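Shared chain: chain A. Partners: chain B in the first complex, chain C in the second.
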Partner chain A sequence: MKARALVRLWSIFGEPLWIVVSMGFPVLSSLALSLLYYSIGAASYVGFAVLGGVMVSFWGNVLWSMASQFYWDKQEGLFEIYLTSPAPISAILIGMSVGGIIGTVPSALIVTGIGWVLFHPAVNAVWGGVILTFGLTLASLYAMGMTLSSLYLAYGREAESLNEVLQEPVSMLSGLYFPSLGARSPFPLAIQAAASLIPLTIGMDALRKTLFYGNDIWQVWPDLAILGVMAVVLLFASTYALKYLENVGRRDGTIGVRIR
Partner chain B sequence: MTSLRPILASAWMGIQHDIAWTTPVLSVALRVVAPFASAMTVSIIYWFGTTSASPGLFNADRLAYVLIGSTLYAHVASYAWVPTVAIAEGKNLSVFPHIYITSRSTAFYVAGTVLSSFVISTIASVAALILAYLALSSFLGTQIPATVTLTSVAMVAAALVANIPGALGLGFLLGAYSMYASKFEWSLPGYVAGLLMVFSGALFPTSFLPWPISVGAQYLPFTQFIAAAREALLPGTSGDYATSMGLCLVGGGILLGVSMFVYFASERKARKDGVIDRRLA
Partner chain C sequence: MASKGTVSVEVSDLRREFKGKGSPVVALDGVSLKVGQGEIFGVLGPNGAGKTTMIRILSTLLLPTGGWAKVMGFDVEHEPEKVRRVINMASGAEKAGYDFISAKKNLWFFSQLYGIPTATAEKRIMELSEMLGLTKYLDRKFYALSTGYRQRATIARAFVNEPKVVFLDEPTIGLDVMTARSIREFLKEQARRSERTIILASHNMAEVEAICDRVAIIDKGKIIAAGTPEDLMRSLGAPALVMEVSPPQSGFEMLSRVEGVKGFTASTEEERGLSTVHIVVETDAAARAAEDAVKREGLKVVASWRKQATLEEVFVALVGRGFKEREEQDVV
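Right after this comes the complex of A and B.
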């Protein structure tokens, strides 16, 4: 776990350009949507766009550097090394998650800094609640990334197209930039219920409550409990799914096939 | 004719690359998802912001403005960066060096891949716009104004075509970059999409940006393309369609001329430096 996390950290911090390139979309989309809030006379909600920009960095990291990572690793011949090493594959994924989270922090900080300097978003935070919510959101989000990575094990070149299909709809449903749950959501109840299955949806809702509406931990405890349960369930689900698909791949002889 | 053939061959190759990985219908349907979700997100932000901040702020005309702008910037973003992938992936899979050693310039290959992607993206964007229009009308319970007649559709189609030189120009510039840097080129789509969001007037008028950025943004061919499409589809939009189209074509032509000069210079230098077949920077 530690070894995989260090490899990821070294690859990010050993090449500062990596930080610059990975922050492009989060910074610019956050800037554009903040300007949109501003231009329509809703400056009090600019903070939603800044927070969305921070969280889209992590969501992008989960999708492109966790979920489809084994696809790239297969292309590079690394996946066989994982399989033949004595390390459990779930530990490698957890290491990848830890490295990914730390590696994405600079990008998230830059989005926050630019948003803060340019727009001075109104904040009414209970910081203890924000930190706890943020931690649980990342834990459940990266656990979802681990589960997705096991599913991606079964895919070949479709992985990239699947990521492109997933990225925007999940951003929309999870309400990265506007509330997608509750009375202010534009979505019908059925869509809200479906969106609640995505950890990011619950996390964003709780983060907005603690960061902008001054809700303390006791007011968001149902969200925190759901996030905690999601993290544990998804962690176990990923372990089982990985084992299952690994066995299927071994049996069918497709586990190491690079292009299909 | 001798120029058309390599362009068409490259365009066909691009179509095969983009949609042949699964059934064509499924592939195109999947390509609708991202622009649809993106247009929905931005339009919902407008709805949420205006209805929450103060009663009376919401304006259906402005919602239509945001909806059309967000769909069209996504359209440009989805095909302008294709040369980057065509070159970077082509170098990794040895396709690009093989095209380079043929009797035709790689510029034809780049142009062909942009055109194929333009066709696919146009279908996906139009479908996304229609779906988002219907979904928003239903979710938000509001009538979004739009003039859909044979004339207005023809005007939008003309605007889409008029934007090709500009998008091709941007594509050649990005292609010139990726000839040298086979590393981090994957980040360019994010930058292109993000910059278009901010500077093309897709979500808010360019006059909202600080001077002199607002002036530069106003005369971008992409800004004029989106303005022309809005003038065709939205009743009562300020601005003149013919002027927007003219500025789009002139701006696009200048960008294309400059970027082709840069591309050919980059191609010559890349040969000298021996990076045409270099896979990793």
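Right after this comes the complex of A and C.
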């Protein structure tokens, strides 16, 4: 687990260009939305845009470096090495997650710093609640990435397209830059209900409540409980799905089949 | 086919079918063999013969559809976790490393999949690198390594956990002569000194001939001959006949009608303006008849000589065609 986390970190920080690219998108999108909110007199939403910039870094990491990782590993022949080793695949996935989280922190900090210096968003935080919510959001988000990574193994070259398809709709539905749940949400109830199946949606909503509206842990406990349950369920689902796909692959001979 | 001493790999009546468009495709058809500890065992055959399928079953990546296989006494179908603790594998076709980290860090990472303490792993990586001539390149990022050094790193990876059995699938494919030779020397050393069993799937006859203690020749999923390379070559009973024929020809079908000709393979050298035909003959008379048959077609025999049979000629004698022709037949 530790080794896989280190590989992720070495890879992220080994290439200066990657650092710039991975930080560029969240910083720029966050800045653009903050300026927009500011210019239309919705200064109270600027904080949402900065928070969105922080969380979109993690969401991008989950999608591009977690969910599709085993697909790339399979293409390179690395997945076979994992399978023929005694290491549990779930440990490798958890290692990737930990490495991904730590590797994304600098990007998140830079977005926060720039947003703070330029816009001074109004914060009314219960920090204990923020930290707990943030931790549970990341746990459930990366558990979702682990589950997706096993499902992506079943796909062929569609993996990259699937990422493209998921990225923007999930960003919108989960309310990365504006509230997508509750009274302030622009979405009808049915869409809100569907969006609630995404851990990021619950996490973003709870983060806004604890960071900007001064809600304490007891006021957001349903969100925290859902995030906790999602993290555990998705973690087990990923392990089960990987084992299932391994068995199917061994039976059908698809483990080593690479798309050229 | 039996081995001497302690058995590391045992395969009995192994079958593997894949779903085909119509009927199932049989990749392995009742293969049985035993490989001893410290033995380098070659599995030789043309592309599509079933070599890789066998390696994949033995390395727990594929289930057999019939028969059974054991590695170090563990059943590959029912005890894959136990098998995985004692094996490793490498393929010449794989890239098998993370591009943006160094070869050394890659090797360390793979050692961690086997729970090897870092100090032990680092010592082992240095030893393996020394043996493979990789030491100077260990700190280079994986993407910056040449194909040859990347393959040396891949081979080092396959030995980093000190496996009892190593499966190698075309480990020197696409490598220059010197790199291929150093990898072969390394493999021989590993088998001799550390008593590792190496199963080498290849269609490189010279490689198999050079390093394997025993060889199984496989064609269309069946073992058609097995033994030491020397025994197999001796078993032909008569040396091969090589003819250089002008002008170059694509087919030498007239040879299949000559009595005593067990098989042949031909290649064309456009620059020299001739074809070279390797013919496996039963007797001297058959050799003379083969030469006459070519001349009767109006072709000029520029040179002809007899030579000791190679594994390629063993295959030709058994199947009637060389690897290349066999692969083309399968495509048709």
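A few notes on this one:
By our rule, the second predicted complex is superposed on the first by the 258 of 260 C-alpha atoms of A that agree within 3 Å, B and C clash if a C-alpha of one lies under 4 Å from a C-alpha of the other, contacts with A are read in each partner's own complex, and residues count from 1 in each chain.
Note that a residue touches a chain if its C-beta (ideal position, glycine included) is under 8 Å from a C-beta of that chain, and two chains touch if they have at least 3 such contacts.
Predicted model only: the values in this text are computed from it and were never measured.
Of the two partner chains placed by the overlay, neither chain B nor chain C lies in contact with A:His120. Taking chain A as the reference chain, the count of touched residues is higher for B when chain B and chain C are set side by side. Shared contact residues on chain A (touching chain B in one structure, chain C in the other): 18.
Chain contact summary for the complex, chain A toward chain B: residues 17-18, 21-22, 24-25, 27-29, 31-33, 35-45, 49, 157-158, 161, 164-165, 167-169, 171-172, 176-179, 184, 186-188. Residues 16, 18-19, 53, 56, 59-63, 81, 84-85, 87-89, 91, 93-98, 100-101, 105, 108-110, 112-115, 141, 157, 161 of chain C are the ones touching chain A in the complex. Interface residues of chain B facing chain A in the complex, by the touch rule stated above, are 21-22, 27, 30, 33-38, 40-42, 44-50, 52-54, 57, 62, 66, 139-140, 184, 187, 190-191, 193-195, 197-198, 202-205, 208-209.
Against chain C, the residues of chain A that register as touching in their complex are 2-4, 6-7, 10-11, 14-15, 18, 76-78, 80-87, 249-253, 255-256.
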